[in-house]
Structures are given as structure tokens and as C-alpha cells.
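Take a look at the structures below.
Below are two complexes that have chain A in common, paired first with chain B and then with chain C.
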Partner chain A sequence: MNELVQSVQGFMYPDEVELQWSVLIVLYPFITGLVAGAFILASLERVFNVEEVKPTYRLALLTALAFLIVAPMPLQLHLGHPERSFEMFLTPHKTSAMAMFGFVYMWYLMVVLVVEIWLEFRRDIVMAARTTRGLLGFVYRLMTLGSMNISERALAIDDKTGWIITIIGIPSAFLLHGYVGFIFGSIKANPWWSTPLMPVVFLFSAMVSGIALVMLMYMATTWLRKRTIDMRCLDTIARYMFYTFVIDFSLEMLDLIHRIYQSDESFQSLDFMVHTRLWMSHVVLQIVIGTVVPLLMLAATQVLPLRDAVRRAIYASSGGLTLIGIFAMRWNVVIGGQLFSKSFLGYTTYKMALTTREGLLTSIVLMILPFFILWALVKLLPPWWETSGTKTAGGAHGSAV
Partner chain B sequence: MKDAAHLIRLAAVFAAGFIAFLLIRQALVPAGFGKYGHFRAGALDDIRARKVSFAGREQCAICHDDRVKELHAGKHAGVGCEACHEAQAKHAQLDDPSTGKPVLPDTKVLCARCHEKNNAKPRGFPQVATAEHSGGEPCKSCHNPHSPKL
Partner chain C sequence: MSITRRDLVTNASKLLVLTPAAAAFLACLKGETAEMEPKYKMADHYWAMTIDIGKCIGCGNCVRACATENSVPDGYFRTWVERYVVPAWPDEHPDVDSPDGGKHGFPPKEKAGAKSFFVPKLCNHCAHSPCVQVCPVGATFESPDGLVLVDKTYCLGCRYCVQACPYGCRYIDPDKQVVDKCTLCYHRISKGLTTACCETCPTSARTLADLKNPNDPIHEFLRTNSVQVLKPHMATGAKLYYKGLDESVR
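Coming up: the complex of A and B.
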């Protein structure tokens, strides 16, 4: 306790000295944001017929699934007793947003993602089930659910059903990440969080981060497979990322201007915090390096006639910076909201542990884990048609590279 | 219909999963859950069966009436006995409470918890830098904790 008190500046109530929500709670909205964003990018092609982003459609779905599987893990590690989480399904508490999220998560995982991926890959699954032997063959046969029918009519039904699922999936993705923002925005006791803009800001930042991730994944996988990047696809993704980012940044600035102009009783304290403890993560990392710089870089690609190689370099670096910026945004919301006292007279410090259950190493493992899952998913269900051995662009719906 | 058979199989998998969930739910949700609210009704009996730790000021006043009156007359009127003297239900329940006398708190440590000087505390709240103020002497050398005003 003495060590903790030394990290306090000014006056804090006893329960504010130690931060309860650690870096794992920063990871949670970051990862769910990537899921929602990746899915929304996939739906662009499926529902809104943006043909250019077709090469990323299947990869975006698998990326969303890989990250969604990891999304609840930071929460489980933070709370401990993962076996208890099942109880929220057994005895649902209808007035608790956190408890109801279990259902949103389950709905999104099982009904939206798994079904959509199954329908999209069913043709490939059936073909693989016919040709693959051994354990993997058994897995494929299990995934066919005993139906080997891939007639044109059956695939057309899959296509139509997949379209309906995507239509349902878009509001579900909005709900998934809007909820995360709601959890913070609805806490009226905390002026750093309490704003109705929070769910909208979280949603748009989720879309930005998800699009950035899929864009980087597409570039990386194409490079690893020694194929040529479809620049028309990359340009379109970057354009959508730019538009979404402009909306996201405008909303965040609207929130900031509103706070500055309103200058309520919390303002002086929050202003001090932004200029001291959050200066690096908020102003430098989130606003300058993670938002303004990538926005300017993306804007340059929209107005200047740049060569393909230059545009690729800009997209790669702006995508990376965007992910850093969005992570910093999650950090500033979660950690920043716990650094100041509700008396507005004091500040505490967050010191991240290295090897504890909620420490840095755990966070790094949790951030790497989705990529391993994605690797396994890609091995099982290759999103590119050359390796899946089909001539037409994979599945009824297709994803030509 | 034949071409949509795989979708019916998928629906059947979901239905089987849902039925399995309902069966698990039936087996795992404890009896009496939801009877009085969103908790297990039997929890009330479990809590009732636990030993009481705090005696309460009324219990203290039965034997220590003089101290309680003194406390009520002074600045510490709002502070409960057990806030400083710890939970004393065990002591109050003894047939002869003098056989299990509670240990007196160390006022050097106890008083500083509220009265140590801190610029962020309200100006009117009595506070001192204890190291300079008492030089290590226990507060009760000068102040009566039940009526601290000198």
C-alpha cells in the first residue's frame, strides 16, 4: 500500500489509488474493434457490391473470426475463474449491459461469423472432404455436416443465405462494438468516459482499425505468397479507411471541442492530466502519430499521382500507424479514465507489471495469438482460390486474387 | 428443397446445441434461483448462518455508557465505536466480557489515518503533520480520543 501511495499526487479517495482495469481491458476493446472493422470491410463487398475489395473478402472474415475467438480472453484473465463466465448464459441478468454482452458475443460468433464463413467456404470444404484423407479429411467431412451437395442451385441458395446473414451481421457488428463504447460512455460518475458520443467514436475507430488490419494482412499474405498486390483493391480499401478515419477524427475532435467549450467542473483536472500523464499516449501517440500523420499520408494518396510502390509504402506505414493510434486511443480511454480522482484534486499512476496474469507478457501473447489462429484457419480454409484448387473464384460467391 | 438440405442440417446442429444448453441449464442452475430476485434463495440462509462480527454502538453502550456519552458530546460523535476499536461482537457476546478485553489501538497510527496533513483535504478539517506536531508521542498523551478538543 505504501508503494502505491507514493505514486499518488494530490488527494485521491482510497479506492482510486490502485487501477482496477489493467492493460488487458485496453486489449479487449482493441481486439473487438478489429473484429467489427474486419467484418464491416467484408460486408462492403458482399452487401454493397464494392467489387474492388473482393480479394480481401474471405481473408477479412477469417481475420474477424480469429480475433473474435481471442476477444473474451483478456476479460477472462482479468476476472479470473473463467468457468464462472458460463453462468451469465445460465442465469441471464437483463439489466446488466456487461451480462447481456455474452449473448451479443455468442450471437455474433455463432450466427454471424461461423455461419457466414461456412456458407462462403462450403464449396471448398466439400471438395476438400472428397480429396483429403486422414484426420484432416475427417475434419472436412465433419464440416460438411454430411451434405456433399454443391450443385449450382445449392450454391445459389448458399449465396442468397450468406447475403441475408451479412445483412443481419452489419447491425450485429455495430452492436458488438457500440456496446463496448456504451460500457464506458454510460458511466456517469466518470467525466472522462461519460459521453453519448462514446459508442459512436468506438464504432468508427473500430472500423478504421479493422480496415487497417485487413489491409496490412492482405499486403503481408500477398507478399508471403509471392503474388502481385491488386492495386485497385488496395486503393479502394485505403480510400474507405481514409473516409472512415475522417469521420472518426471529426467525432473525436467534436468531443474534445465540446469539452473545452463546456469547461465543466472536471475540465481543469482532465486538462492537467492530458498535459502531463497522458501527454505521450494521448497527444503524441494517439492524435499526432496515430491520427494526423496517417490521415495526411492517406490524403496525399488521394490527391497526388504517386507510383504504385510509393502508394504501397504509404498504405503499409499509415496502416501500422493507425493501429498504434487506435490502440493508444483505447489505452487513453481505459487507463486515462482511472488516473484522476473524482475529487478532481489528485492523480495516480499505472505501472504495468511484466510477468503477472495482467502483465505485459500476457498482453503480448494475447496480441500474437489471433495471428496463430488465423494461420491455422487459413491452412484449413485457404481464402485464395489458387491453393484451394478451384478454378472459379473460390465458392459460389467468389474471391478472385 | 433437396438443394437446401444442408441448411436444414445446419439448423438441426443449432437446435441440438440449444437443446443441450437447456439441459445443462436445467442441471446447473441451483434450486430456488430467482425466487426473491436475481440470486439463489438459499444464499439468505447461508448468510444468516454466518457469525456476526460487529456488535454495534447500542451493544457497547450497555457497559460503556460513560464513554459513549463522552463521544456523543464531542467532535467524534459521528464515528462508530468499532471504527477505531475493530469488530467486537466476540467481546460483547462473552458471559464475562472482562475475560476477553480488546487491545487498545495505537493512537500514533490510528489518528494519522484521518488527521495527517494533506493540502488536498478541506481547509476546515483538523489536520497536522504528525512528525512535527507530536514528535513521535502517542496522540492520546494530550488528546482524549473520545473528546479530542483540548
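Coming up: the complex of A and C.
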């Protein structure tokens, strides 16, 4: 504590010196954003019939599930009393944005994502249940939920139901991440957070990061499987990412311009913070490297006739930079919002520990974990088929890849 | 001499019955009254506090008394005192400090300003508390007698309320890992006593007030003085009424 007090510049209320929300709370909106973004990309194909992105449809759903399973973990690890977290379900406080998390999460996980994935993969599950033996066979049989009917009619019903679930899923994905933004945006005590734009900015940045992730996953899995990348698919994903990114960047700049022009009582303090303690993470990482550079790169692919290999390289690097930029954005919101005093007279620092419960190692494990879960999910429910002509990508409504 | 089981039970019973009676009798002899069953009715009170900035001398008695009374861990504060040195040029930031929450008073200041004063701070026990609003399980709540309290057996330790408090009045108890804050010494005021900070203030800069009591001096205080609450634009319904609060105070 003494060390922290030493690092204070200016004046902070004495109880403010210690940061309350650590890097784990940075991971939480980052991971949730990836889920919402991945699902919205998946829904493009399903609801809006964007045929080009079909090869990523199932992968996007599984990616969303893998990350959604991990999403509550940083929260749980951060709580002073994780064993009491179930109280949020039993006695939720209705005026609390945070109290809704459990319900929105369970709704999204159980009603939207799991049901949609089950319906989408049901034919594969049934076929695997018939042919696989041993423990894995038992798992597949369990996953059929006792229904082995994969007649044309049954699959048509699955398809129709899946479509309805996706329709429900889109506003649910918006709700999931919009509400995360509301958790921050509704805190009137903190001018860095308190803006009605926060849920919208969170939502669009979520879409950008989710699309970038699925794009990178598609490229990586295709490369690992030694297959050719469908450039039509990649170009379409990149185009959607570019459009969403333009909206996201415009909203963030609107927020910035609004703050500068209004210059309310907090402005001097926040301005100083951005120019000093947040310079690297906000201006350099988030705005320049994580937004302007990938935007320019993506814009180049839209206007210049570039070769496939060049476009692939641009997509890969801009996707990576985008993810870094969105992570920096979450960092700047969560950590940045606690670096200045609510008296607007001083600043503290955030020192991340290495091996503590809320330290760097935990964060790294939490960021790697979804990829392991995804690997297991992909092993269990392969989202792609070889061009055998007998199976089709995208399930009952898909076509051969 | 042998003691039968009957004797033992009889004598032990007599002791048990007589000990409290003897203690009460002794208290009466010493001029004290034995502690009565609490007759405190929450509906009869609505607590607030008045703070006269001009009277605070920055001695830190209140901070020490609060820490002792409520076992506040070192480095954390249920109440603290800030020293403001406001420069002659009003556009400049005031120079504010609160070394160890003002617990041990304040060292002399080398640079003098146009004016200087001390501001005692604690939970504002807001009527429209942002902290109560955001608590996901309702562990932070407003009592009918106007206090914002925490049920520590229910608090998750999510820290959302700490973020939501505009005044920086909450901290996480490092041992219990739940949120902690000023209770306005509820264990004292519900027995007819005043708070530890008010009790030990040598200049009566702080005074506990009961808005529901028509004879409470707060009514005259509010009627005859210009009073202000901290950060009124936050519209939290703060119930700490400051007399002589400078506009530079945040």
C-alpha cells in the first residue's frame, strides 16, 4: 500500500489509491466482445443469406461457445467471495446492471448458442453416435438427447428452428455486449465511463474484434489443415470488418470530439491522463496501431487491385492489429477509468502482479483456455467436411466447400 | 466434605441467577444505569451530519477515533480529513493533501495560499445512493433511518459500489474481502450515543443530526446558514451538510 501511495501524483481520496478492477476485468469485456462479434458474423450467413461467409459459419459458432464458456471465469476469479456469486441468481438486485449478467449470460449460453449449435450439428451428432464406439460414442449418444431422427423432414424442422433461434440470437448478442458497455457507461461518478455512447461503442468494437478473430481462426485452421483459403469468403469477411470498424472508429472519435468540445470539469484531468499515463496504451496502441493502421490497410484492399497473397497478408496482419487495438480499448476503459481521482486532482498507477490470483499469469491462462476449449469442440464437432460430395458445409442448408 | 450432585446444581443455579443481578446492583451503586434493552425504532430517526468547515482544525482525532472504534485497517479510511490550500489565482488547482488520511494531523505547509482550510469527509449516506443502485445482490442497502449500510455476510466483493461512489468513501477490507465503509457508528447511535468522530471532535466541527427530531439543532443550522453538500450535481441526495464549503472542494 505504501508503495502505491508513493506512486500517486497530485491528490487522490485515500481509498482511491488502490485500483479495484484489475486486468481480469479487462479480459471480461474483451472475451464477451469476441463472443458477440463471432455470433453476429455467423448470423450474417444464417439470417441475411451472405453465402460467401458460409465456410466460417460453424467455426464462428464454436468459437463463440469456447469464449463464452471462459467469459465468466475472470469475473469469478476477481470476486472477493466467489462462493457467493450464485446469490446473483437467487436474489438479484433489480436496479443493478451487474445483477443482470447472470441472466443475460445464461440466456445467451443455454437458449441461443447451445441450442443453435445443437440444431446445426444434430445430423453429425446422430451419425457419429451411430458409428462411434467407446466413451466417445457414449458422449455422442448423450448429445443426441435420445433423438436419432435425421429424416429430411426432421432436418428441415431443425433448420427452421435454428433460423428462429438465430433471429432471437442477434438481439441477444447485442444485449450481451451492449449491457457490458452499460455496466461502465451508467456509472455517473466516473466521467471517463459515463457516456450513453459506451454500450454502442462496446457493441461495434465487439463486432470488429469478433469478426477479426473468426477471420484469423479461419485462416489459421485452413493453413493447419493444408487447404486453400476461400478468397471470396475472406474478402467478404474483411469487407464487413472494414465497414464495422469505420462505424466503431467514428463513434469513438465522436465521443472524443464531444469531450474535447464540451470540456467539462473532468476534461483537464482526463486530457492530462491520456497525454501521460495512457499515452502508450491509448494513443499509440489503441488509436494508431490498433485502429488507424488496420483501417488504412483494409481500405487499401477495398480500392487497390492486390494479389491474393498480398490481401491474405494484409488481412492477417490487420486482424492481429485489430485484436491488439480492441484489447487496448478495453484496457483503457477499465484501467484508465481508475487511474485518475474522482477529485480530478491526482493520478495513481496500476501495477500488475505476476503470479497472484488477478495477475499476468492468470490472464494469459484465461486467454489461452478458450483456444483449448475450441480445439476440443472442433475435435468433437468438426465444423468442416472434405469435398466428398456426401456431406455439406453449413449443415442441412449448406453447400460443399 | 463431599458435594452432592444436588448441591452442585443448586449452587450453580444460584450463581447464574445472582451474577447478573449483582452486576446490575453494583452498577446502580456506582451511579450507572444498567444497559437497557434497546428501544430504538428506526422509523423515528433519519440521520444526517452537519460539518462546519470553519471549526475543523485538522487534528485528526476523528480519523483516529473512527479507526479504533471500527477496527479500520491501516491504510484504509471510513473517515478522513483533507487540507486545501487554495492559490490566490482562482483558476489554478488547489493544493490538496491528506497524509495518512489526516490521522496524525498535518505537517506545516511551506507554500501558503490565499486561503487554507480542512475538510472532513466520510460516507454521505446518500438518499439516492449510486452504490446501493449498483450492488448486484442488494448487500448494500439504505436503512429506514437513512443510513447506507453493508451486509458483510452477503457482499460478493465485486467492487462495483466502490466504482459507483462519487466521493471515494468505500474500500475493500483486505482481510474479509468484502466492502467496508462508514456506518455512522450505527452500533453507537442506535443506543443513543453519538458517532466516535463527533464524540472526539474538540471543536464540534462535526455534529450528528437527526432530521426527524424536531428539536435537533440541525433545523436551525440549515435555516440560518448557507450549507452545501459535496458534488451536488451528482444528485445523490447526500446527507452531509457542510457550512462554509469552498467551491474548490471536490
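Keep this in mind: the second predicted complex is superposed on the first by the 392 of 401 C-alpha atoms of A that agree within 3 Å, B and C clash if a C-alpha of one lies under 4 Å from a C-alpha of the other, contacts with A are read in each partner's own complex, and residues count from 1 in each chain.
Here is the rule we use: contacts are C-beta pairs under 8 Å (C-beta built on N, C-alpha and C of every residue); 3 or more make two chains touch, one makes a residue touch a chain.
What you are looking at is a predicted structure, and each value in this text was computed from that prediction instead of being measured.
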Three-chain arrangement built on chain A, chain B and chain C clash or fit: clash
Chain B versus chain C as contact partner of A:Ala154, first or second or both or neither: first
Which of chain B and chain C A:Val115 touches, first, second, both or neither: first
Contacts of A:His93 with chain B and chain C, given as first, second, both or neither: both
First (chain B), second (chain C), both or neither touched by A:Asn190: second
First (chain B), second (chain C), both or neither touched by A:Phe11: both
First (chain B), second (chain C), both or neither touched by A:Leu345: both
Which superposed partner A:Arg141 touches (first chain B, second chain C, both, neither): neither
Partner chain(s) touched by A:Gln20 [first = chain B, second = chain C, both, neither]: second
Partner with the higher number of touched chain A residues, chain C or chain B: C
Colliding region between chain B and chain C, picked from 58-66, 166-174, 220-228 or 238-246 after the shared-chain fit: 58-66
Overlap of chain C and chain B interfaces on chain A (superposed complexes): 10-11, 91, 93, 343, 345
Sites on chain C touched by chain A in the complex: 74-77, 80, 82, 93-94, 96-98, 100-101, 121, 130, 132-138, 154-160, 162-172, 176-178, 234, 250
Partner chain A, residues of chain B touching it in the complex: 2-7, 9-10, 13-14, 21, 24-25, 28-29, 33-34, 38, 118-121
Chain A residues within the chain C interface of the complex: 1-2, 5, 10-16, 18, 20-21, 75, 78-82, 84-85, 87-88, 91-93, 95-99, 101, 183, 186-190, 337-338, 341-345
Chain A - residues contacting chain B, complex: 10-11, 89-91, 93, 110, 115, 118, 122, 144-147, 149, 151, 153-154, 157, 161, 343, 345-346
